[in-house]
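Which chain is which? They are A, B, C and D, in the order written, and residues in each are numbered from 1.
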């Protein structure tokens, strides 16, 4: 598992550019005697394990793409490719799922049902690989789908789960306010887009504070405000951008609506015009009961109840949500942080790393979940 | 003059309710042998002095209405009527003009032209008495019109003048924002008019700071904000009111336009509706050259150049502006403040009073202006 | 049960003014042969039922105070007292607990342990009756405490429960900004408290939107803004008030801190001073596991699993939270709404009423909870 | 005059880098027989004309520096130097003053007094050349100082004058708000400097709208707002910059005070820190009476009363103000715009040009002012 992971770690491939990684995966599966389809929905790989007894079909998913970040670690297995690295743990996900495949395939006689291995490309950038793989049929005949994320913010040894909202829909927006520039000493001859931008940011605060249900968590962050270059020249326009995080389509839809009408109101109050662009990321990941309860229970069996913790939702996004639109299932977090080996950096950090023993934990839980699900009535 | 003034002071009559005051004025004029018309344009009195020699006609104007304010002075001549008082000096204006009339009438043989005495009712409340008196013909045959205001903020002994903008247009506005009330714990089920009101007030600041020519003085003041009565009930509506002061119709028109579109923009940005009401007071009083220069020069002759000062405009309003729309002329200020006799309160204050010797100064200048104007080519 | 409830309904007594209600309760208990203490912690009544077998002790709590609201219903049992009514269902709580007492007392031989009946006064107004009753010892010897609220927003027939945060801490605040008033035309001679108030309200939005964990529900509502009375007079001060709702002391403490420093910052930025007053209501009610799970499970037994629903927290407050600071326990909601009998109004509404059959449901669940708790190891 | 002007136009030299221009000026003056001092106060040139009769001494000032702007005109005399041009008319000022020198020197026998020619370097960039030239003694023995600016916004043929405030103090400011950055999904772990910046800009509006005398013109413009680069990363800091324009030191001082306390208040309200930098440009240029009246009257004589217009103040700055701190005098505007020859661009525009006949007008008025001043008692 470690050898596989490090191989992937040294040879990262970006979303939608994966070539060698899926080849390696397919070769490994075939070597195990597992039927493998490549170029699935694009660059995905599907493996199929047929159990010795009839039963349901469980899908397990792992993603395998890397990020355009320069690896700043000094470990021997650091990225060999400039400007690219596995800074989110997808290398570990892939190695884990391959190890799980090995175990299940070896014991397939005792399996009451089948297992589909979904090796997904392109999770890092929307529109992502989950959607085309689903459209290509990766969930055909599947009864439930499970997955995990190695998580450096959770200590190695623990498994974390969240019922209901588990990961947010992470969207992006950009607003351009077009006023009319002019001399700094003659504001009355201009339409001051910079000032209007400040009013937009001010009123955006009221979306979360006044317009959304306080029990529905949501974030509207303006993270960029750029307007003007010369101290005595009122600029033509102001550009503000940021991110929105939500856990449900109704809230997301309402936020988009509120944002645009605030921008419109502020601009029309001053004769300015605007461009409003909103880019939806992945939908929120909502873990349904009883599947997430099954995960929690299986995890308690696999690694001990004292190591299984309920977590608050995470504000980042995951396209695993698309699988849960189609099938029952659940997504959980495998603790992978360890200060002793400097696995303390957040995901997407140039020094990101994880405790490789976490892969064992993840594999144990995935196998237990698979068995428990297949053996339940 | 003092006796007359104190008589009026003890017997104040409110705007549009003047009965005894015009009677007293007309009787006094007739006693002097001056032709007097009453009920002029409503409750006004017009006197006419015919000079011994042919020439131009000058009008002099004094207003005679009082205010609904309780007199808090302790002087013997304090108001005899509860809740009403001459808190602006119109009693002095009237006494002054009657004294001027006496002098001019006595010397009418030497006058090169005629004098019209305009005793105006209802200056304190818009729409005021100037307009109906003009419509009734008080300026017919008049070449120029002059007037003065006793001014407690200027020390007794001085005459003040301002070329161009002299007194502002004092307007009133009221904005009602109709949201939708609800429980304080559930803002998302409401449209929070109170919050929207705060954004309107915030953006109103940008009218003066960003949208008007910085060389055009103007004030937009929100002086009332009333919304909500219970700490845990979001109110249905917010009502804000205030005043606008300008010195020109273009600026006034622009302010009204900007105010309404700001309110509209804020409300539309949140699904609220609004009622916008703007009540124009008197127009700005703009003293034209060369008439105001004539006043300055006559005043220097009459009371000494060292006592004649140029003043910045005053932000209060006067319906004398209507006369200046129709004829050349000018309006000046007669210093009437005197700390030694406690004449230190601003106009409309319950303890307002003025140094009565100021009436002599005012009369001297009005007579000099009349003579200088009539004798000029 | 109905008879009792209607008796209380017709004879409402306000918080801290209860005289006849506790007398009626004590008399009823004694008639059942139940030991009753009155004037407990003030005006409370404690009943004690001793089971036939040794075991744990469960406390059940019901509140009995009414509200200063005029009853606008037309039913025969409407309030007989002008300006007072049971508009929150406490009459029903009391009748329910008395019925529960009757059943338990009758079957006390089979009870494995004891039951304490807490009839609490003064729930409606902080500081409330729970605190003094606890201080007087109502929880002495008690192992767990349970209670319910009839809830008109939940349909009759259902029982609702929430694990963890169940009812908010409902606080009140008032901020007075002391500026310096003056004439509306001369803002520069004033410190404009009204304007500063609008900036405070604006920045208060950022508490929820920027400064609190988005996963921690909270509300900061400004519900009153009062400043100024005359359109042309800038007022001396602005007073804003409102409510804060939170589910944890850390969030509550942070909000108070943020509010005050925003007010301070805005005032110091303009030379104004302020008075900041924050009045804490009851603490948030947090239902611990496993007690709330016990309630859910007992309720499923008592009224059928299909009638037991998990609910989001409620933003209103309850001083039941004080009992849960001292002992394990749980608080749940008994559906009592029914459009067919016009039981559709929110609590504290002048037309509030509830389906009286809900009392039976509440009684069933309370009895089941009591038995299940006492019989568990 | 045209030849001289075009020579300077083709060979622009930037402020504090002037070498050839002062040489050319000094050579020209000496050729006329005028005593000339170079390197005066740095790079200035002083010429002295001694009249045939005893009397007062008048100084006339012209500046000679160019700007770092690329000349985009296509005329034959366009700038020969890349990135530098006379885009403000100082070439014309210099040629005009040399022509004036020629006329006065020729007629010096009839002069009742003396004339000092101040050819000033470095007007375009603060701290400017006026101050060091004054410190070096250019006003020693001088009774009054006059100057003019060719003005493309005023039509050729006209002379413009303003009594009192004539040109603004043009200052610059920069505010850096230091918050604490973080992930866009976790605003509560940050101090959001961008948001705070918007509140600063909002409240800056209240300086002009609420805190300054409405009769004192002033501008506070925020022209740059830069914060953040990534849509999902809350930035560490926000930087806002802009300009302030005032006509008096009291107003300027108050604005600086108000700006800083607003910034401080907003930052302290959120735990942020700040850096506030304010850079004063030249002081406002205030034309005193009676000297500016003398200019108006001399101009009427020189070019006809119908061509002499009173102007509102100009919001740009001039270091001529330093001379007026030391001596009586006045500064006026010489109309130089002419659409027929495309002289329609504002000063500092890459296509700026002026009607060269304006230099004749300027020279006529300067000579007349000189004679009138020297001949007055």
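Keep in mind that, in the parts below, contacts are C-beta pairs under 8 Å (C-beta built on N, C-alpha and C of every residue); 3 or more make two chains touch, one makes a residue touch a chain.
Note that the coordinates shown come from a computational prediction; the quantities given were computed from them, not determined experimentally.
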{"item": "Of B-C and A-B, pair with higher C-beta contact tally", "value": "B-C"}
{"item": "Chain D against chain A, contact positions shared by both copies (same if over half, else different)", "value": "same"}
{"item": "Per Cα centroids, the chain farthest from chain A", "value": "B"}
{"item": "Chain centre separation in whole Å, for chain B relative to chain A (CA means)", "value": "70"}
{"item": "Where chain A and chain D are represented by their mean Cα positions, the distance between them in whole Å", "value": "58"}
{"item": "Centre-to-centre distance between chain C and chain B (centres being mean Cα positions), rounded to whole Å", "value": "58"}
{"item": "Where chain C touches two or more other chains at once, by residue number", "value": "185-187, 195, 199, 202, 205-206, 209-210, 214, 219, 245, 315"}
{"item": "Residue ranges of chain A touching chain C (in the complex, touch as defined)", "value": "202, 204-210, 214-215, 217-220, 245, 312-313, 315"}
{"item": "Partner chain A, residues of chain B touching it in the complex", "value": "185-188, 190, 192, 195, 199, 202-203, 206, 209-214, 261-271"}
{"item": "Contacting residues of chain A [partner chain D, same complex]", "value": "168, 170, 172-174, 183-187, 194-195, 197-199, 201-202, 205, 219, 221-235, 238, 241-243, 245, 315-316, 346"}
